[in-house]
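Naming follows writing order (A, B, C and D), and every chain is counted from residue 1.
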Amino acid sequence: MLFEPVPVLDHGFIRVVDYMGDDEAIVQAARVSYGRGSKRRRRDRGLIRYLMRHWHTTPFEMCEIKLHVKLPIFVARQWIRHRTASVNEYSARYSVLDHEFYVPERDRLQAQSTLNSQGSGDVLNDDEAQRVLDLLTTDAGQAYEHYEEMLNLDAEGATLDSDRQGLARELARMNLSLNFYTQWYWKIDLFNLLHFVWLRADPHAQYEIRAYADVLLDVIRRWVPLTYDAFMDYRMNAASISGPGLAVLRRMLNGEAVDQESSGLAPAEWRELMKLLNSES
Amino acid sequence: MLFEPVPVLDHGFIRVVDYMGDDEAIVQAARVSYGRGSKRRRRDRGLIRYLMRHWHTTPFEMCEIKLHVKLPIFVARQWIRHRTASVNEYSARYSVLDHEFYVPERDRLQAQSTLNSQGSGDVLNDDEAQRVLDLLTTDAGQAYEHYEEMLNLDAEGATLDSDRQGLARELARMNLSLNFYTQWYWKIDLFNLLHFVWLRADPHAQYEIRAYADVLLDVIRRWVPLTYDAFMDYRMNAASISGPGLAVLRRMLNGEAVDQESSGLAPAEWRELMKLLNSES
Amino acid sequence: MLFEPVPVLDHGFIRVVDYMGDDEAIVQAARVSYGRGSKRRRRDRGLIRYLMRHWHTTPFEMCEIKLHVKLPIFVARQWIRHRTASVNEYSARYSVLDHEFYVPERDRLQAQSTLNSQGSGDVLNDDEAQRVLDLLTTDAGQAYEHYEEMLNLDAEGATLDSDRQGLARELARMNLSLNFYTQWYWKIDLFNLLHFVWLRADPHAQYEIRAYADVLLDVIRRWVPLTYDAFMDYRMNAASISGPGLAVLRRMLNGEAVDQESSGLAPAEWRELMKLLNSES
Amino acid sequence: MLFEPVPVLDHGFIRVVDYMGDDEAIVQAARVSYGRGSKRRRRDRGLIRYLMRHWHTTPFEMCEIKLHVKLPIFVARQWIRHRTASVNEYSARYSVLDHEFYVPERDRLQAQSTLNSQGSGDVLNDDEAQRVLDLLTTDAGQAYEHYEEMLNLDAEGATLDSDRQGLARELARMNLSLNFYTQWYWKIDLFNLLHFVWLRADPHAQYEIRAYADVLLDVIRRWVPLTYDAFMDYRMNAASISGPGLAVLRRMLNGEAVDQESSGLAPAEWRELMKLLNSES
């Protein structure tokens, strides 16, 4: 599993650099708490599922992973909002950024929703999509060309014009757009990694960060398979139902016909509950 | 709400020292994210409920509270496990601890459960309870008497015997038992306070820390009433139902009779789900 | 001090939104630790200086401040690396970013150093500077124009062309360059604010973030003047001297002539020590 | 280095359970920041010393270690104040604590200082020391005896009296004193471990936690020898000299005779500076 970069988007990747601990380490840490008083030895799988179901966190913190990630800057800006991790990012103060920028695939060019403030799910029509791709490609290309000119460097990193000084890298970078790629080492414990994935593999997350979260999900599956199964059942595929929602549910299970008005739920919450109860059925 | 210490247990209290922000500050912070793009202005209550329901966290971090708490050391040891807070504790290295220790009320003396490793809910019979109260009171009293003797101090803090040196406070304190009271300033943001209360006002938490969590819940109710309501509905009285649990629920709502075997759930999880669906009914 | 935005760079600002605590709150928290055992009551100023000199941290955590900051994205990317704060950023997923980007003043256009990897301190000559300003201005202007075109919005936020759909905001933003302005609410405790300023008001920090750190320093001076004085003496204007460096110092104070070779220090460290001992003299 | 418990105090130990990364991983992470722009490849040792000297933190966060520690509860209470670590503690809610408590060695029984609030450094005279040892041993022994009686368990964990219920473990533990041993798994990154050791191996730390910090220092020496050397030179044996202190130093190096009054320093700070400059000489 180590060292193999898994491609993400057009130029990105995730590569596992190192890790510490596994399912067994979680079980071992959890059993510290029970000590000699633990009469009934649960089996590993059952214990991990119990821990996940009852929101125990510290045993999952006992595993750690270090990743090398290449990602567009606008994705990095969302990613870094998760504070419980260690990061060493490639520095554009000291180094020259590569000539690599993200351009979405045509079928990922969602229109703006008119209902809410997110992407609508509808893909742009062909003409409009082509125009967007042209603009993104041309502007990023030109930004990079001017970046190199300001640095007084050619594509191989050699001085362009020996009579010029070249602008400091820390300043020239400001001309690059948010779809340029950066890279970093990112180290995080398993508990916080699961939380990251739970937020970022969610359908409401932007597609581009979801693409990374999906790869992370697969890393977790291969690294800690028992934890992965429990995580899928008790987090990713689980739902939180509010107190008033549970009351509605109990009435329905008792055979009562309930509609939004008689439910006491606000329309949006009623819709969300109905969607949850009817999905897959 | 400020400055009034609210009594907890036999000698403890919680006192609000200062706070910053309120429901309005949460709304204000959330609206930063929507900026001029926010067409539909939600009203405050609806917005706070939306934020809570969809697990937004940062707007709730915009409120902060500082508390002065007096609590038994064994409760303090559980409390301090929450890392996202600032603490200034009364130091028994530098100061002499007060002659105050916790003794449970008789009807709180639970027996050990034989089924699991927690308190059973059954209260000790009278004779056994009296013996426990006697032991706790006598041992703590003697521990404190010897603490003072080692310090060479009398109850007023005056030197007992001018020919003796007196042991360092940082050492003498080790003779005190875990039911002695300590105190601290504890500062935390609202998001993390809610999380603390969610964990510690839970029926599985030990009664003694729950007593503090219940007071905190009331502080929250008076401080940020809209947030309190949303928190009660979407956290305290809510339940997380697993993916397999949701599948069972959908079958039941479709009129299918499901039992544990046909559910595919493990016995413990089946019991928990049934308890949830039948409670209050 | 509240509500007044202090301008920073060409379009940025820092505005204090709220705060909790002051010098007195630090003293109060520190005294909790000393309790009745504290015989000698230090005066506030002396106590705060003592706390700062001996690296006490928790009393300074008892103060909290909330700021509204407008800053270029490349500055925001450095700023966010400080993890011990709460942030609500204006979201370009939901909202349209303003037409405001940073262009350095001409005398801030440093050349790249040939010695190390940072800015050199030398300012670009006039022709090269003019070219850089032209490129930055033109590219950002064009990026924004195309951003609006992709969004299908005009400068007033009205639909440009009713036959087009408009790209989702979360995608269109990737065309903007790193000098565009963003804004956020940023809430942090005083201890971590001091640490932030110590790192970012340092001469090695990039000029643009230093400009913000300098304003923060002034906010601190007005908010907690005793802490500010102690911070200047014991952090900002202090220096850490290594064990081997201290040995050199002792030899020099004994009248011995020491040079780099006889010092046992590496050349770079020797230079740094000499620079420190000779500055201002 | 793994698995071997290193004894600390009378019944405690530190045992390395697992670790991730080494000196090489720090170098690798630091070089990410410099990328292809790094002309001059520093050698590992020099780079690590540079990072330490200039307070770089994130490369040191790339290493992680997990320890199993057995320690008295009053030491655990100081230890847990460091928030940037993951902990799984043996739970006295679920398990029965062992019959093991700490009693200091006779030559560690310091008297209380009359000057400040800490231990004085003077050891108690023989009679007083013997009395302290008797009290500590007798009280802890009795506390444990009553703990077992309340639990209705004998020394082998068998039921004492089949007619009694036995108090819940979570309650009975409150009778134990702070010198009883607990144990935990403690996982932390190298940067935060160094900070912990810097604070707790300090002469002002209480002897009992210093005993653990000294073992940790040796673990660091064997784990990351280059980092250990840099840490000793630039942290453990280094000193921070204030701005006014540096000014005094410069005057002295210029041959000027400076005393406390002419220094402008407060008496306490002057004493600390003189002690620093004269130690070892």
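Here is the rule we use: a residue touches a chain if its C-beta (ideal position, glycine included) is under 8 Å from a C-beta of that chain, and two chains touch if they have at least 3 such contacts.
Worth saying up front: this structure is predicted, and the values here are computed from it rather than measured.
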Pick the pair with more C-beta contacts: A-C or A-D? A-C
Look at all chain centres (mean of CA atoms) and spot the one farthest from the centre of subunit A. D
What whole-Å value do you get for the distance between subunit A and subunit C if each is reduced to the mean of its CA atoms? 28
Measuring centre to centre with CA averages, how many angstrom lie between subunit A and subunit D? 37
Two-or-more-chain contact residues of subunit D, please, as numbers and ranges. 34, 37-38, 87, 94-95, 117, 169
For the complex, give me every residue of subunit B touching subunit A. 34, 37-39, 46, 49-50, 53, 55, 117, 199, 232-234, 236-247, 249-250, 252-254, 266, 268-269, 272, 276-281
Subunit C - residues contacting subunit B, complex: 18-21, 25, 28-30, 32-38, 58-59, 61-62, 64, 66, 86-91, 94-96, 157, 169, 183-185, 187, 189
So in the complex, the part of subunit D that touches subunit B is made up of which residues? 72-74, 76-77, 80-81, 83-84, 87, 93-95, 102, 104, 109-113, 117-120, 122, 124-125, 128, 131-132, 135-136, 139-140, 142-143, 146, 149-151, 164-171, 173-179, 206
